[in-house]
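One chain, chain A, links the two complexes that follow: it is found with chain B in the first and with chain C in the second.
Take a look at the complex of A and B:
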């Protein structure tokens, strides 16, 4: 089923004629590392003005007056607009669920009569330069009638809680019980062992290096609004812009230049980009808005603040019998478009059983609204949290039952595929057990268990922790439709065009914002066509150049985008063979691709280069077969069948706790991952490492807290402790390859795995180290003070 | 995060800078490395009308050992001190070693010794070293009037010093070698402002402690000397775990630190104990 790939495989294209699997150097690197990348903030247009936003300074309240007199009088300020001035349509995400399950709420582009979080945009100020724009913001006078802020999930759900949205009783935007196995209470009552975990994760910021931003301008000749913005989903931004501005969608063009990350924060439609576009139309001048870091930290889309009350029942042999979970996600002030506030609880409810054979399952998932910056998807969406809870349940059960924590997992992971779980999801083949075994073997071979024991004698405190998980990658239309979304991502459409020289341009509805698609999608197409990848150029991120697509998120690009480009390339191959056979005057089944051209099967001396075929297809169309259209273009779409494909991995962490300071030091980080066929090992490993860094950040460092008034605690990187290279350990990565039958290239997607596995592995390592103290920690991030106190109390 | 409007002046020499300060009055602020002031201006937490740039006054960038001890010009960068260990000699190696705790390399390459002292962050390494080693700073006022301020009298509170708005801090003088001194600190991320910082200077006679100084940062609005801990060192004894633990416990008992998101008062007290112990050990091993 699976094969082990050596750590740094040699490029394999020279062995079997394929570019897939080769560490082809990133095509993006030369321009990016020499400062020749072009990001939104690098764009300058003639007469361009600069925007900043007047933002709410209170978390909850009625807006009594927005006085922009001083703003408009500020030297350098061109204009300032409130919601009333622009009259824009709201952004509303809808799920097809009854009102008892989901309450749609409107997010105005600029707040009107009410503000719901500190940082909410109230007015847009347009000035000649970014400095005077801020002067204008400072001169605005907003008066509020401040109300009691709702700043926690408990407060939101309290009986007498003030309502964040009048139409959302109990401050609940989503309340869904997706699964409830009959007789589950009896299973718990009769079980040998029942364990409980009450876990919390903190609000985080996905923190792309490049903050959000936009340059909006009007093009008279195209009769089009041109919006250059850093989004993961250009077509969805176009759809919402057209609706909000009440224009034909063709009259809006969204173009994405180079991007410095997104991690989900940019896969939802932002209010500021719409306001900036509306201002550009109003003023008939290009308008640029670059989100500054202060706003990015507190007023951009956040994520991950969740509370789990979970119970699991086990038999005496450590086999899990039942899982019962109550999940409350604090989604902040608004529903994000297109996913809605249901994104986190629906993901957790659907995927919680993970890699384990769970016979009985009951779950209630809720999204509550609070007076905090709204949530959007963030790399891994809920899975870092529910995997952490699941892994804590297994660790706790292993203690209760006196079992080895790896052995208890071994007894419960799914080993026969396809497997349809209690959650109704069918899992394609993976290496759940193999990755666990290999990871444990690596830890054992490196002697960590012995060192832990030896060092304990010197008073040093070490722990070993594991995390075993899977990750659905490439969600199909059907999978999202199951969640009752009304804007349902899933498919992707690609077009492949060959020019008269035999070079190829390929379009993809996916959108690389750091994932190296220019390299990897070119590798795929080059392999299908037998071309050098250097002759394949990718076009993405321009709604006028690319057919409607769903962008890049949820690890969908290699699986869905990669499959669509493959199918389009295959169709082009058919046409090349068809024309080639005609030109060689032989039967269509007597030709094959060879070395950038077509040759006759029964006479290898009879060959045609692609350029020769293209010359006929474009310049000498009179020579084409009668049934063949001129030109060399082909289009195809792909939508994964059924539940899509699942990547998997096991992570292991060795951590040392320092008693004097409470510092958690990661001594070793091992990752055994299986993302199916690896298209480019270097890119896969980059994804793993970056994801793991963000997972460690969630486990140990990052937290946005709010005081009672709803004031966030993250004005700068002094407060928001994103870890640096100094805190992130080296990661050793091992690959297993279980090709997926559900995608065109056997790839499974790898975008989020690192982030999913790290919190549980780190937390389990810390708890293993704390074992002699009897203290267990289930809330992230783990502060040094918490560790210090745990070690102090027990000594 | 763009500063409010300001006028920029570049001084040609110290006298010129001094003159500009007198002319421009209270709305002027000196800038050298700008590593603290500029971010504060970007947040509009500081909004000077005038910036007087002294970064190019080479006369204030020097490291000079002489009879008075070690003189360091105000515009000497952290990085220069960090890499000048051989020139400083064993008596002042602690200054070079402490620099690895100052921010990150880009900050150390721009930030200056005098700027750090004048900014007076409660956890700043230079402030702590000055207090520990009884340094004095030289300031130049209008009409070339010069005076010196003992480190003990320099810091008034958070970000406030006894340097007057029309004065320029030109030099810091470390009066005596401290061959057995060390500074250490804890922050969750390396390069951050310390949650607590500790510095110790031991008077060693072979393996015996005959006295010493203990200073802590991050436990009060200004860096403090901890006399209770110094009393333990003055009573003396073998340089070893027992004495160091006693010294650290005395230090921890003597402070009443603040609480914030980085830790409670109790946690800071525990950190002080850990870090004073660690600083004693490192100092003894020099």
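Take a look at the complex of A and C:
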């Protein structure tokens, strides 16, 4: 553990209970249900102007001319800038890997001499209102020398493929071969059973309902650029802003208002954030940019387009002997900052073995670049895909070997912990087998296997599918450093400050955008201090208020952010006890916390409220012990040890296929999850359900496709099929609770798990239903016409 | 395109005079002219429903109407419901059931549900689900939204002689959970 704070696990206060574990009502709700949230588009500043972007209409080509004459002549247009006008530094993500493994690509804030995808920003238009800004965009004339677009991974890797980036041979940004256990080819040659899965997943949009947006302004008094933007990573946006604008970081303040979801799309730095800020500086006027839905669908960061060619070897008893995988991720036109185009293939390569004891492993992971909107992390990052592939391999092996699909998993899941896998990762204790057993028992007890058989006699087509998986949540600096990132996320810093009334402000470098941190982090601090959570207020999302942090992604907030606030609160407790003992004129070990104050252990009548201690700490500092600084503040950082902690779950889906339409109807969804200590059960269940809905969306509905010219298919929600309440089923959730020893609060994180488990469970259920047809599907989303054809062909 | 029209919009029982261009959408007029920012914009295509308000009592997409079309209509936005200190029964039900996470879609769902329940106070849960499927939420998976609306509807039905749930009992509202 990198932190120097000594953690005393023994409670130093006599509160017999805890706020941790209670469904405390959400602190966020009163403003959000009354329309009093403040989202970025709700912000209005005096003299505020409005930005829109001239965007490329071709997927690949040289830019011959950007003619903004008509734009500048448009009534209401204030200014229009190209890359040449603004002279901004590029956004570049770097991995410390040899050129054979990684090629960095510069993403210009505005495209210069060439464009690489439809929707790429070429110029920023500033106008008096958003309508005239759009008029200005329409009046722009851009001429291109259009070139052949690269629109698929196969095309990208073809020998004669045009290059998306001249410095990236074979259109390959990352190419790593890892693990390659000695003798793995012999294992495959000698195995009783070898199965293969060739699986694809489609490009998706994380789709926060609030599109991206910025309000940038200059503050003369603070000599600071203030950028209010909906980002999951405010400090990282500040770093890139400072570098791109060539200013001191001090002179840039990033503030995050209420945020309408992110799911990863907002955890990378956007070009538009930089361009809008540069325009505000240039014009000395506040500039607002709100992304419209068309741009959000086609030109915002996308994700998930992956191709797996996977083989697994099994013995006759169904034990997995070896895994050999080739992963190609279509990352689109550029690397995202800070993660780079390596984000998806590196995640998949490292984590693929998952919950199973895989003795031999070989993987090649590649990121290819194509003329499509670039990719960013999206909830689960690769795990929805590689878990799906692993689960398909086990299902296929169970068929080959004539085994029950749950039994084959049972024989292979890790049951003794800590377990160090073939991928070099050490797993902390989890309930892989227990969750699988319980989930299967629930399906049995509800009679789904019997109903499936009975209904089959009526011609109805049902299937049952499972997914057993884990999710590394507490990614430490060490874990990200192993990926050779040069901007390495991991730690979080927290400050806890008590005022003279005994109320508490806590800062966190994490960033809630729906995850309820105002509630849950307050619960943690309130428990440590023995206070009502209502007296603890969280500050996040302001680079001037929060020392430093890496924001919210990868289910890191409860584990890492929650641990940092725990440690900072513990430090404050030490100080309160120290001052309290001095004021009570007793030994430091003769005091304890009690009911919002400090009392003497051997004389409970001797008590001090926090307000009384705070009064001394701030207003009567002459009464403090000589060795004690005035004030009541404490700071701590946390960085998970080693490989971090793993949450896990098993999902089960019962699906019915409708022969006439090919519709896949989910009749039952069960989730048995273990996210360690549950801080707030209602919030945990909300994260599970919402995650599962997004996983189902990927399995059955959502897909952004491109035509041969690289034109994206989705301009509105008419084309991009986001599931509604009509498609998403109710989810029954069961909790197992394995406290993590690697976090300060025992939590394991829960933000992404639902999304990871759902695609495999749905796909397996569909394939179980299709079993009589002999057809197996390995590509998502599963189109209704595919299901319909499969059922028709067999009947 | 830039000609201005003087219109009077009746919003939450108050008349507001404002100058708008013909193309100004109703949602932009509400948000940026009247500063009623509780109504949100998610797609501008009439699909996501984040901008749902009540027009003469019925749910409508404020992004698909022009402000000039709304003159003489009775407009109600989320601001007409309760306040943070005193939310109405539907708002409380959303909070109690965790029917919101990021909260961006919430005002749209609230107004959708208010309009729906006013016309269909005896709706079944399946009918509520059908109605709720008009709007998009990316956070919750919808289950808790359906449950919140259903719970609110049944409490309103149990409340004698009320149509808006004014006198609806609110068990649990003031029961701050105690440490376990």
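The definition used in the following text is that the second predicted complex is superposed on the first by the 779 of 795 C-alpha atoms of A that agree within 3 Å, B and C clash if a C-alpha of one lies under 4 Å from a C-alpha of the other, contacts with A are read in each partner's own complex, and residues count from 1 in each chain.
Here, a residue touches a chain if its C-beta (ideal position, glycine included) is under 8 Å from a C-beta of that chain, and two chains touch if they have at least 3 such contacts.
Since this is a predicted model, take the numbers as computed values, not measurements.
Using the contact criterion defined above for the overlaid structures, shared-chain residue A:685 touches chain C, although it does not reach chain B.
Touched residues of chain A were counted for both chain B and chain C, and C has more of them. Touch criterion not met for A:746: it reaches neither chain B nor chain C. In the overlay built on the shared chain, the residue A:293 is in contact with chain B and with chain C.
Within the superposed three-chain model, A:726 lies in touch with chain B and with chain C [touch as defined at top].
Legend: residue contacts after superposition of the two complexes on their common chain; A:338 is shown touching neither chain B nor chain C. In the superposition on chain A, contact of A:713 is made with chain B only, not with chain C. Of the two partner chains, chain C is the only one touched by A:693; chain B is not.
Judged by the touch definition given at the top, the superposed model places A:258 against chain C, while chain B stays out of reach.
By the document's definition of touching, of the two partners only chain C reaches A:513; chain B does not. The interface of chain A with chain B overlaps its interface with chain C at residues 130-131, 135, 292-293, 716, 718, 724, 726-727.
Residues 15-19, 21-26, 28-39, 41-42, 44, 75-76, 130-131, 135, 207-211, 258-261, 263, 290, 292-293, 513-516, 527, 682-683, 685-686, 689-690, 692-694, 716-718, 722, 724-728, 730-731 of chain A are the ones that touch chain C when the two sit in their complex. The part of chain A that touches chain B in the complex is made up of residues 130-131, 133-135, 138, 292-294, 660-663, 701, 705, 713, 715-716, 718-719, 721, 723-724, 726-727, 783-785, 788-789, 792. In the complex of the two chains, the chain C residues touching chain A come out as 1-2, 21, 23-24, 28, 31-32, 35-45, 47-48, 50, 77-79, 81-85, 87, 91, 94-96, 98, 100-107, 110, 129-130, 132-146, 176-180. Residue ranges on chain B touching chain A, taken from their complex, read 1-5, 39, 43-44, 186, 188-193, 261, 263-264, 267, 270-271, 273-275, 277-278.
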